[in-house]
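We just call them A, B, C, D, E, F, G and H in the order they show up, numbering each chain from 1.
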Amino acid sequence: MEKALRALLEGVRDGSVPVDDGVVRLRDLAFEDLGFANVDHHRKLRRGVPEVVLAQGKTPDQCVEIVGRLLARDGDVLVTRADASTAEVLVNAHAGGDWNRLARTVFWRRTDGTPHLPGRVLVVSAGTSDLRVAEEAAVTARAFGNEVETLFDVGVAGIHRLLGRGEMLRNATVLIVVAGMEGALPSVVAGLTDVPVIAVPTSTGYGASFGGLAALLAMLNSCASGVTVVNIDNGFGAGCAATLIHRLALRKESSA
Amino acid sequence: MEKALRALLEGVRDGSVPVDDGVVRLRDLAFEDLGFANVDHHRKLRRGVPEVVLAQGKTPDQCVEIVGRLLARDGDVLVTRADASTAEVLVNAHAGGDWNRLARTVFWRRTDGTPHLPGRVLVVSAGTSDLRVAEEAAVTARAFGNEVETLFDVGVAGIHRLLGRGEMLRNATVLIVVAGMEGALPSVVAGLTDVPVIAVPTSTGYGASFGGLAALLAMLNSCASGVTVVNIDNGFGAGCAATLIHRLALRKESSA
Amino acid sequence: MEKALRALLEGVRDGSVPVDDGVVRLRDLAFEDLGFANVDHHRKLRRGVPEVVLAQGKTPDQCVEIVGRLLARDGDVLVTRADASTAEVLVNAHAGGDWNRLARTVFWRRTDGTPHLPGRVLVVSAGTSDLRVAEEAAVTARAFGNEVETLFDVGVAGIHRLLGRGEMLRNATVLIVVAGMEGALPSVVAGLTDVPVIAVPTSTGYGASFGGLAALLAMLNSCASGVTVVNIDNGFGAGCAATLIHRLALRKESSA
Amino acid sequence: MEKALRALLEGVRDGSVPVDDGVVRLRDLAFEDLGFANVDHHRKLRRGVPEVVLAQGKTPDQCVEIVGRLLARDGDVLVTRADASTAEVLVNAHAGGDWNRLARTVFWRRTDGTPHLPGRVLVVSAGTSDLRVAEEAAVTARAFGNEVETLFDVGVAGIHRLLGRGEMLRNATVLIVVAGMEGALPSVVAGLTDVPVIAVPTSTGYGASFGGLAALLAMLNSCASGVTVVNIDNGFGAGCAATLIHRLALRKESSA
Amino acid sequence: MEKALRALLEGVRDGSVPVDDGVVRLRDLAFEDLGFANVDHHRKLRRGVPEVVLAQGKTPDQCVEIVGRLLARDGDVLVTRADASTAEVLVNAHAGGDWNRLARTVFWRRTDGTPHLPGRVLVVSAGTSDLRVAEEAAVTARAFGNEVETLFDVGVAGIHRLLGRGEMLRNATVLIVVAGMEGALPSVVAGLTDVPVIAVPTSTGYGASFGGLAALLAMLNSCASGVTVVNIDNGFGAGCAATLIHRLALRKESSA
Amino acid sequence: MEKALRALLEGVRDGSVPVDDGVVRLRDLAFEDLGFANVDHHRKLRRGVPEVVLAQGKTPDQCVEIVGRLLARDGDVLVTRADASTAEVLVNAHAGGDWNRLARTVFWRRTDGTPHLPGRVLVVSAGTSDLRVAEEAAVTARAFGNEVETLFDVGVAGIHRLLGRGEMLRNATVLIVVAGMEGALPSVVAGLTDVPVIAVPTSTGYGASFGGLAALLAMLNSCASGVTVVNIDNGFGAGCAATLIHRLALRKESSA
Amino acid sequence: MEKALRALLEGVRDGSVPVDDGVVRLRDLAFEDLGFANVDHHRKLRRGVPEVVLAQGKTPDQCVEIVGRLLARDGDVLVTRADASTAEVLVNAHAGGDWNRLARTVFWRRTDGTPHLPGRVLVVSAGTSDLRVAEEAAVTARAFGNEVETLFDVGVAGIHRLLGRGEMLRNATVLIVVAGMEGALPSVVAGLTDVPVIAVPTSTGYGASFGGLAALLAMLNSCASGVTVVNIDNGFGAGCAATLIHRLALRKESSA
Amino acid sequence: MEKALRALLEGVRDGSVPVDDGVVRLRDLAFEDLGFANVDHHRKLRRGVPEVVLAQGKTPDQCVEIVGRLLARDGDVLVTRADASTAEVLVNAHAGGDWNRLARTVFWRRTDGTPHLPGRVLVVSAGTSDLRVAEEAAVTARAFGNEVETLFDVGVAGIHRLLGRGEMLRNATVLIVVAGMEGALPSVVAGLTDVPVIAVPTSTGYGASFGGLAALLAMLNSCASGVTVVNIDNGFGAGCAATLIHRLALRKESSA
């Protein structure tokens, strides 16, 4: 795009493009220009950023085709919300895919894979049924270049299990806290640390959990200031948010 | 009522009441009989049970009149949900009323007042804004004959404040845990004890607390088995439930 | 844990552990200490307390493995929310399991099994479709050492069926009242007794029952003071809450 | 209208109205004709039917003017949802108005006033705070020509008070049952009678009553078949529905 | 029951039953007495009242057994909410069952079957998808002895279809109006008649119909006074309510 | 109908129909007359208006029969919400059906098919999962005679893709904007144009999208004045609304 | 903006602006360019378009100042949602303001004021309490240059009043239908016409109207295809949407 | 606390504290120890961290007293949600308070006040009515040591205003995006940057905004991955979350 812009201006300078024509052509370019600005900006930070495909709502065939096209570009590819049948078709169709059944993800690592972002994400979760969402967050954060640790099965009703892992809590720079049912864990965890806490409500539960609404509301009303929340079951979004936070350091370094 | 029944049967035996008349009169008595069973049953346990007047929805004049009638029976009288103006009128009208502004209660103690129920109720609450509900629970529990302790301002985001009061937790036989916002406290508390925990959600909060709905749902979904829940802001109900639990011991003794 | 603490202090006394090291090691122990306090406290009361496995959200294989591990410890094991296929696999894998199809539970009784808690739980339910939840409550209460009676099919629209069972109501020390649809039964029952009433809303119904929301709201708004409520369909939670109440007596005895 | 129709046809017959013109004029009349059919039909049954003015959303001046116009027609006039200030203005402006503060109604009786409908409406209500709605239903039913009895303060938690009034229940031909909070009363009442039960949820309550939603849902889910429901606090609507039922008999007689 | 009562009193009179024993026995009888009053009362009106079995939530085998037992009493039996497989088993097991696939009902008529209630129920419905509920209402009303007419496919967006059936509307004494989506039909219909209108919202629709909530709310807010509402999809309940209304006339006659 | 009216009037004029009979017959005709007015009015605009069959809630056989009957009238027929199995049966049964799998529509074009309405509908959609609804809107708008363009996959998070299609936006006279999840697209699009924008929320999403509620609420609250909204997933309704707008021009022309 | 663009290109042509500088400056201009495109586009159609000020959430002083600034530009100014006190201050501060108390609007007409848009908006409303919203729609539509008629007080329960105004319905090119409570009017109206119908739910009602939710849902579920909906009480939005539709004709003419 | 621990161990070492006593005393200290760990940990980062007082739910007198106590410790004090009357009392009582009427905050700066955190917070908001929340976020972020810029009045319907501020967007390291009504702004903004975006829904709006629910749901469903959300109107929480993110850099430096 920058090329097109430069070519146009050179044409104006050389007289091969009349000023009137230039105005008309620039008006249309203008819209594209936005994209240019963004894409370029992104590129600098894009090392270790996988392409992401949401399998949900796509047929296995569609997934295979899209992943194929993306792999051809030599970058990493992450497929999320892939049910068992879709995942099986995918790993058979494209070699090298790492299928995480629990997280419902398939990941093709084409780049080096060493975490390139500073800091450490700690994914904390309450119950066994929250693992699928916690794993999605962990897989996503790793795929985007974060170092990730996990601390599972530390519900608030057994608060001592959490309190016994002070070391882990102290080493983390971003916490992703995943919980269903009453969604109390992020408040408790946030009271024990002073790093950003991203809360992920899950649809785990029954009855008055109303598909995760109870946990969502609890987290939004957290008495621990500084907790932020993503959508119900949105482990992927939490992994992305953690990445954006860790990238800040990178950005500062690169701008230094 | 039992007297009436016996009198009727004696009338039948003596021939002063014909069988046909007896059938008719018994049919009407039948309905009353239920009440008899209950009232009598209640009486045994009624020592130290105040009459309760819900001021909300009544005019100050109506409250004064009702309280007057009840005091005339020489028992204790508890008025709940009395706003400042109603309470002021009440304490002026009937001497000896103990007005708790925070709890919005006025209590006339006419009986001895020493706790007569075994065990100890511990009322735990999270934030300053939950105090009005916590106090209502405490006043109610005391009025019904329980020994009551309070532990206020121990939110989940500062869990160490709670953990530092192990003695209090260990001494309680019933816990009333009052919390608004994310309503996480009952789960945490229940994980630290093994006595009944009655959770009271409050309407404290704003935005997505939706008038206490967030706290209510959180408590209903508590991962700590054995937590039971009352209506939003229902400190009175929690005090009653605690009383029913403590009365069990009394009943056993009295039936021994 | 207490041993570790004592060993550490003895090391300090003997000079083999410098005071500085002691401070560091105690800081880490501190977290564990909480667990110690609790676990120990629990143990005294744990006679007749089964291990509980929630089958929902686990594969049959996972359930078989977990139950196997727990049975190896010689205690009782209760599996809840086990669908037919999971239950069948379980009873075939581990001998002695008592499968209650309606309650969706399997229970392995390894201990004596005589109710060891004082009092009697009465489980009351309204309609045939509420039986699965009522049975879950009954099975749970029995597994935890309560004596349990059941009184089924006594809906509020046929209130006389309930009124005819005065003996049962009078003998109970805790009432678990299970109802779907309009959820009115707990209010009516609570008006007839003066023991704690634990209300369990069920998802029975259609249309404006909204998966049990109607019954849940009705119970939370019960005009009978002292009714407490658990989550929709949470028969297990009601059984646990009843247990906590009955344990109070035990505790008092054991502390006497 | 019928006259206009007949005149038109006579015009066509006489030749003073060409067929083409007749078609055009009939097309416009057609719409009116509907009104004609209905109005006429209504008239037969309209003896004792007051004009009704909903004061809510109108200024006192507007109410005075409208009521004045209606009184000029010599029929009965019923104003509903009139707050104290509006009602005061109204009774001062137009003599003979019967102001029911609780029901928030003013009623000008210009006709005889003896109930002209067969049967008897029994208005049953649970708590003191439901009285305003129960009274609105009673006033409405009386204004429309029904004989009305009331049975107040018979909540489900004190079921014996209800059971003791068998005579009243047996004498009623339509029951209006008004209840807030858990809204259980209509189910219980309907189980004791076999006449139509119209349930009126009220906004009485707090917290999880959600402005009457809890009572509304409970009533819609009533396990007692044949209960029908009107809007929250809609005592007026219940009085109207009872009237329609009682009119059936009148209609039959008048058509006999 | 009356017999038992009389026998007891005669025993007391004769001295064979001591007064003390009489008190005890009467206390237990008392509860039953309620049932007696009701059951007896019901019996007079029970001509043409079928036993009703709700198939939903029961296995086909359970249904077969229950229906068998009820048929043995020689009365009519109505099964509702029977899916195809249950219905098939039922009609094969017990001869003479009339299976209405749309209404999901099976009906065994053992009595004469001529409508014995005065008046006529008109079931009006809007769209094809509402037919299942409308048919359930019609089948129920017929089974309970009403004369029933149906007027289907008259949605409010084609109001002229409704207006063209004035005769039908004028002949009905109770209207059951069934509608999903925006639920406007009952308001329109009620504006055209002056007999009781029972509105039945259906779950027909998608998106913001929220399973019938839109139609339910619309009907509860009907601007046509006198409309009453039953639960979403509750055709059975509407049929029962219509029956209760029509029975009033019968009752009057029988009491004459 | 007009014929019938004219015949009747001629009968009155000729004396073959007495005036009294005329009044009676007109009263019944009156209702029908409404239909006449409308239908006639519609006819003028009906060129290119297909008959529409909603397959959802009908069996394949019912669909085949209905479509057959409609095709016999030589007009266009559009079937919506046809799942794969129904669609397959339909295209086999009636030749010439154009099956759009994504839109779940089958369309039989019997008329010319050239767009006959002025203007151009632009259907804009955000994500791949919204395509089914966007396609339904496009197919509907085309079937009703509109010229239609589509602009898919232009979510708000990549706003530059939208901004780059200025030409398309400028050429459209009505915009249908389809979006799920946060439903922000209509606001953004409406800010860039000044033609009517019809917003269609979709059920795309999970968790707190609550089946499209999030998108629906967002669109209703659009800060861009002039956006109107249809039901969740209602692509058909949006296509109809666009048609009504474009028909205005036609109407003006035809009335010129 | 176009000038700036042309100047820049001329600089490049003349050599006074190096190509590299041109690229940088264009990148910043690009964003502005969007605004240019839009604003210019708008201007053509802006004849008769008033500036609009939403008074709600602003102090009277702020309103006075903003209106003053806008009036200085010599265009029309419309203030919406102005409560009585704000409106009074406004009409005193700036001469010539037309205050509509019901609609809560103040309008300063500085231009000619003759409707310049083709077609006619008909605003239909159900009850007296909906008038404020209906008037807001009418005032808005007039202020934006539409010819407007109003048809008030035509609720669905008195459908004949609506049917009697066929002429009005036939003359309208866009219908704005305003209704609270059950929100049925748009469906009925849409069934009688074939022009675009914009439905406006109002918060009129009580109880289960839930602040207009009942009417909103009803309108979204309208069985009359082609009805579109705006936010609750959003008369202004409906007036804008009608304007956008009528402008289409203007645009076509201007582009001809 | 560390001192107490050290003293205890020294006592054990010296023999003045027997090991048995040490165990008992440590068990109680253990709970406190948690607090110690945290508080100490916090202190390092506490430079520039004000004490915060939530005025809402407290009387002016209570606020004055609390603020007085906190100011005595020489740190900064921030009061939030202070209505005009409370704020006035506060600034009169304690000199040096900076009252922001819009944000409803009063801030006493006792420390240096130069931003000490790296990075820059950009607070973006849509409409005038969102300013109060946006200002609360800005005031909070500044009080906690962040450099803050604001970009107000950039709603999505005028997207070009946002696009024209590329420089500001590029300079920010954390974005707080505040929006009511349809809540679309965070999605659009997040698509233009790659730094963390904290979305704050506001209760601005009416009708179907349901007190901010519409904006909240929209933000939770943002199609722009990495957006996190706080409670409705929670500007304070957003400012805190931004602070936690910026502190990460500080922490890294301090640990270097």
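Observations on the model:
Criterion: contacts are C-beta pairs under 8 Å (C-beta built on N, C-alpha and C of every residue); 3 or more make two chains touch, one makes a residue touch a chain.
What you are looking at is a predicted structure, and each value in this text was computed from that prediction instead of being measured.
The chains in contact with chain E as well as with chain H are B, C, F, G. Chain centres here are means of the Cα atoms, and by that rule the chain farthest away from chain B is F. Centroids built from CA atoms put chain F at 41 Å from chain D.
Computed from the mean C-alpha positions, the centre of chain E lies at a distance of 50 Å from the centre of chain G.
Residues of chain F in contact with two or more other chains: 31, 34, 37-38, 159, 163, 166, 191-192, 207-209, 213, 216, 220-221, 231-232. A complete list of chain pairs in contact reads A-B, A-C, A-F, A-G, A-H, B-C, B-D, B-E, B-H, C-D, C-E, C-H, D-E, D-F, D-G, E-F, E-G, F-G, F-H, G-H.
Residues 128-129, 159-161, 163-166, 204, 206-209 of chain G are the ones that touch chain D when the two sit in their complex.
Taken in their complex, chain G has these residues touching chain H: 28, 31-32, 34-35, 38, 56-58, 201, 203, 211-213, 216, 231-234. If you check the complex, the residues on chain H that touch chain C are 2, 5-6, 9-10, 12-13, 15, 19, 22-23, 26-27, 29-31, 33-34, 36-37.
Of all residues in chain E, those touching chain D in their complex are 34, 37-38, 41-42, 45, 52, 118-119, 163, 166, 170, 173-174, 191-192, 194-198, 216, 220-221, 225-232, 236-237, 240-241, 243-245, 247-249, 251-252. Interface residues of chain C, counted against chain D in their complex, comprise 126-127, 155-159, 180-184, 187-188, 190-192, 205, 207-210, 213-215, 217-224.
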